[in-house]
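My questions will all concern the structure given below.
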Amino acid sequence: MSPERRGCGGRALSSNGADPLLAVDDLVVAYPIARGLAGAVLRRPEQRVLAVDGVSFSVDRGELVALVGESGCGKTTTAQAVLRLVEAMSGRVSFDGRDITELSNRALRPLRRNMQIIYQDPYESLDPRMTVRDAVEEPMLIHGLGGSREARRELVLEAVARVELTPPDLFLERYPHELSGGQRQRVAIAASLVLEPDLLVADEPVSMLDVSVRAGVLNLLDRLRQDGLGILMITHDLSTAARYADRIAVMYLGRIVEVGPASEIVENPQHPYTKALLSVVPRRDPRDRKRPQVLTGEAPDATRIPSGCRFHPRCPVAIEECRAHDPELLRPRNAVSPDHRAACILA
Amino acid sequence: MSIVINEPGLIAEPEPIRSRGGILWDTIRRRPSATIGATILSLIIACAVLAPWIAPYGLHEQVGPPFGAPSWQHPLGLDDGGVDMVTLLMWGARISLVVGFAATLVSMLIGGTIGVVAGYFGGKVDGILMRITDYFLVIPDVPLMIVVAAIWGPSLFHIVIVIGILLWTSTARVIRAQVKSVRERVYVKRARALGAGHVRIVMRHVLPQVAPLLIANTVLTIAVAVFDETALAFLGLGDPSRISLGKVIENAFQRAAISAGAWWAIVPPGVLVALLILSCSLLGQALEDALNPRLRVAHVSARGFRLRPLVGRNADAV
Amino acid sequence: MRGADYLLKRTAFAIVTVFIAVSINFVLFRLAPGSAVSNLSRVPHATQETRNALKQQFGLDKSRGEQYVLYLKQLVHGNFGVSFANSQPVAENLRTAIANTLPMVLLGTLFAIIVGTFTGVIAAWRRGTGAEGATVTSALAFYSMPTHWLGLMLVILFAGVLPTGGMTDDFLINPSWWTHVQDVLKHMILPSLTLGLVLFGEYTLIVRSAMLETLGEDYILTARAKGLKPWAIVRKHALRNAMLPIATLVALSLGYIVAGAILVETVFSWPGIGRAVYDAVLARDYPMLQGAFLVLTVSVVFFNLVADLLYFRLDPRITQ
Amino acid sequence: MSALLETEDLQVWFDLPRGGTLHAVQGVSLGLERGERLGLVGESGCGKTTTALALMGLLPASATVSGRVLLNGIDILRGAEETMRPHRWVDLSMVFQGAMNAFNPVKTVGSQIVEVLELHHRAAGRAARVRTGELLAAVGIPDDRAGRYPHEFSGGMRQRAAIAMALACNPSVLIADEPTTALDVMVQAQILELLDALCRDFGLALLLVTHDLPIVAQLCDRAAVMYAGELVEHGSVDTLFHAPRHPYTRLLFAATPDLHGDGLPASIPGAPPRLDRQNEGCPFRPRCDRAFARCVDERPLLRTVAPEHGAACHLNDVAAEVAH
């Protein structure tokens, strides 16, 4: 089953005219750089790094969108800004049609239960002193939900069962050190599900797990997506994104350089960066050996953003115009899908 | 990331910490140095607490000549006032321990609070609090104690306060570092993302993780406080109305016990103080070691890996 | 650039700390209730004359702000006042005292550094063996002994063999330069040894844990993989890196040692800065006490700065 | 015909700090031919890194080792540390996981390469510095960077420098332990390309230790799969992918996502057995989709199932019987 053929729910909802679950519009996030005492004394101007520089995308219900890129491209910052864990400098983040960028922390609190996050490191994702039951119950206690103790226990059991830890009551009184990495990540997901969120942000959810259990956690996320959950997955692994995402957005130096349906991005990439990135993904089949198109130079540095197209210093096909012209995200000439966008003047 | 991080057996699995008493008890049971420390410490504490009932003679009771030599009735002899040394040591340990514990309590309250607040909130709050701590750290504590004690006048309360407000710096730093690392753990980040309040996160996630380290630090601080009290008493700044171990040593020194050849008036109190400090150090150090993930296995040491000869197995099998 | 920033920060910190210490001094000695000057009646042996002189000197008739400025001015000119005890300028007394303290403290520290580093390395290297147990136990034992008590024990042990008090033999009349040095050195042995033994314990423990931490680093495994012999690894890689924390800790502790010499100097009647503090406490000689406290603080701050600079020299990462 | 580097029944036990022992490597016999590239694959805790460290005798004091490590037919493990050391870096050299920490932070990168050259009498003084420059240039680092400290290098550069250092004495075998973990995909591709070129140009034999199957599939000729301290299957990468004879190999490939193609990867249920306990039968049995009665109490041995192809699974015996 290819991702496109799997596509359900999400698209339909938004084509009904309703707002997408999550809409990010021209998001900009900047971090200040410490200039040091000497810098302060000499009155050097304060500098900022634009970690995210004008990013727009959306996530629908029942849709899994993957943000892909190398470290330092701004994908994690984007995820944190979506949840308002870091503050945006400008731009809008709308959740269920409601602009949350300006909401106060107090006003945001009830909304927080609707958007949950799971992190990369399963070994630190649970408090070592809390049982599975405590960990899954805690979000309800924070939000004052779940009613009585007994009712909460039922909800905890239900959540644990939903993440396929069976039999659930066997897991309730276990401590994290008695669980494997995959099981811990499942408990973390259960602790998110117990609040019945609409959006789940998954920041590299499996990169620290063993290969043999990765698929289990990802397949669980896939089933949750089918149940109508909107998922924003941050990953550096294009193979995972290709298999599980409905849409892929490729980021480079704080910008989305290409976005579109997963199959289209993988089979018909239009941006030279996406092409290079795809070519270096090692294939499983030894017979499928191709010479990868390796980009030279070091990983990009957000403190020194090149002029024009920010990819041009490493681009194998750059022309003179790329130095000056900062391309917009437009539908490429050779695109098949109507939703395909790439930021390259040659595409 | 370390090379060995994924290999079992090359590193010790971090021991799960569940109950507050758990780590303390576990360390005492498993580490011989902690066992010794805890045994000595509890013996001394027992003697000190029970002094009014088990001390063989009265604290001010003259039972023989000044500097009377050790005998069956007085195994450690008599002091310059003819008071039995065993009795004196029991009561002295009582005061020394009271000062040690009380001063440690003061410094734990200050240091623990500053450490947790600085580590948890970070940023500007952290900057300011740590600057203050740095300044306190640099001011030499013994001279300042002397100056303050000299100006305020000698009294037990002053000594406790003086020692207490000068000892908190290392606690604050250790606790801050730990809180900072706990704050970055995923489960704390997630609780924050869930919208949990600061009080809840600190009480439920941060404090329980920091508590064992705080206990280890407390034990080490007691040792320092006992030492400082002994030093102050020796310099004549102790409470003149209370007999602490430091006071016992000072008395013997002032009354020329050495030239009188009365070693028993000066050796045992020092040994007792040393034992007290040693036991606290052993226990505290063992606890810290147990909690320190950085004490990895050495890649090089005097002893190499061992070879087991091929016995009974077919060595030619491929 | 970051390097310059580091140096600037550390120096600024040192200056601010000295200023704070100076202010604490002012607060402690002038403003605290029942403090020295605000309650001049407590000064023993003070004639009416001294009191008037003091009143004028400290400007007690002026406001507190003015007093503070006056106090700072005097400090800048190196004027610490006049000792109650011997009517000499405090600065003069302090200079002699420091000159006496430094050689004794340095000798003890040197002993501790050499022996402590050696035993610390052995303890880490022979981890889990009897050698480690023996070194750590003896280090802990010395670390636990009250300094003055250890001094007294040495007095009991070496009475008659070595001089146990003072800095010179009073019966040596008009000694030659060489005999004088010999005499001072002989007197120095026990106080230095006391200090050295206590510090030896501390340094052994510090060096051991620094070494253990370093021996677990990945570059040690690399060095082993490169075919270096174990001792070469310890010498060329481990010790060099373990020296980082060790050097700073030693520099740091030097500052505290000067302060800690109070106990040793009291036991051995060594006429140094510590002894001066002790005498000042007994005689309620506040100007002297105040001056000594300031000197001790400055010495800690100074060695702290030395430690920072040392770190800067030893660790290339700081200039990043 | 004897292989360049061979292990015979290699076993490693670790004393655990809380008592007991852990049997990390349980009788691994592997061979590496001259110029061959072998991938040692397995999940975390399967003993692959321990095996690699044992090949160079780099185990800590808590380890006990038995078996033989043959270099050109000579057992270099027989005298432990002492017989191992002369071969380190000269015959066998190693690139470690996370090269961030492979260099001493307070020494320049160049001086650490010069150190090996002088130690093994390959060059000294000026000549050693010139050679260091050449080595760095060979891995694509400007030779004027030799005087820099490790923290001034990026992650990818440090890994290149570590490879340059490993080549200093022209070893015949390079052991690379997860050389690209923690690096970005693009940098990973650069490093893999470099390893590929170096093996070709210098005739190096490569032992690539990794958890990442696709990397092995792309870079290696042969692969050996480890599970729970044992070698469960070895053979050419092509055979292992297209005709695996151990369920673990098959399921591991099925669990690995691929860029193209259909369907979702499937995970392997359960977790590996604990190695600090005695295990009966086949260690993979609880997770195996084709286990049967015999797997419960009889441990399968590694058998040759085809030329150059070995697997440790009872199913192969069943298949052989059926064929009869």
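All chains are identified by letter, namely A, B, C and D, in their written order; residue positions are counted from 1 within each chain.
The definition used in the following text is that contacts are C-beta pairs under 8 Å (C-beta built on N, C-alpha and C of every residue); 3 or more make two chains touch, one makes a residue touch a chain.
Because the structure is a prediction, the values reported are computed rather than measured.
Chain pair with the most C-beta contact pairs: B-C.
Every chain gets a centre from its CA atoms, and the centre nearest the mean of all protein CA atoms is that of B. With respect to subunit D, maximal separation of chain centres occurs for C (centres as means of Cα atoms).
Between the Cα centres of subunit C and subunit D there is a gap of 54 Å. Each chain gets one centre point, the mean of its Cα atoms, and the points for subunit B and subunit D are 47 Å apart. Between the Cα centres of subunit A and subunit C there is a gap of 56 Å. Note: centroid distance subunit A to subunit D, computed from Cα atoms, is 33 Å.
Counting only residues that touch two or more partner chains, subunit C has 128, 217-218, 221, 223-224.
Annotation for subunit A: no residues touch two or more other chains. For subunit B, the set of residues touching two or more other chains reads 2-3, 297-299, 301, 303.
Chain contact summary for the complex, subunit D toward subunit C: residues 56, 58, 61, 85-90, 93-94, 96, 98, 101-107, 115-116, 119-120, 149, 151-152, 165. The residues of subunit D lying in touch with subunit A in their complex are 43-44, 154, 156-157, 184-190, 192-193, 211-215, 217-218, 237-238, 241-242, 251-253, 255-260, 262-269, 271, 287. Per the touch definition, subunit D reaches subunit B in the complex via residues 6, 8-9, 11, 13-14, 16-18, 22, 24, 29, 31, 44-45, 47, 49-50, 57-68, 77-78, 80-81, 96-98, 100-101, 177, 181-182, 275-276. In the complex of the two chains, the subunit B residues touching subunit C come out as 2-3, 134-135, 138-144, 146-148, 150-153, 223, 227, 230-231, 234-237, 246, 249, 253, 258, 263, 266-267, 269-270, 273-275, 277-278, 281-282, 294-303. The touching residues of subunit A, when paired with subunit D in their complex, are 1-2, 70-71, 180, 182, 210-219, 222, 236-240, 242-244, 266-267, 276-278, 280-287, 289, 292, 294-296, 298-299.
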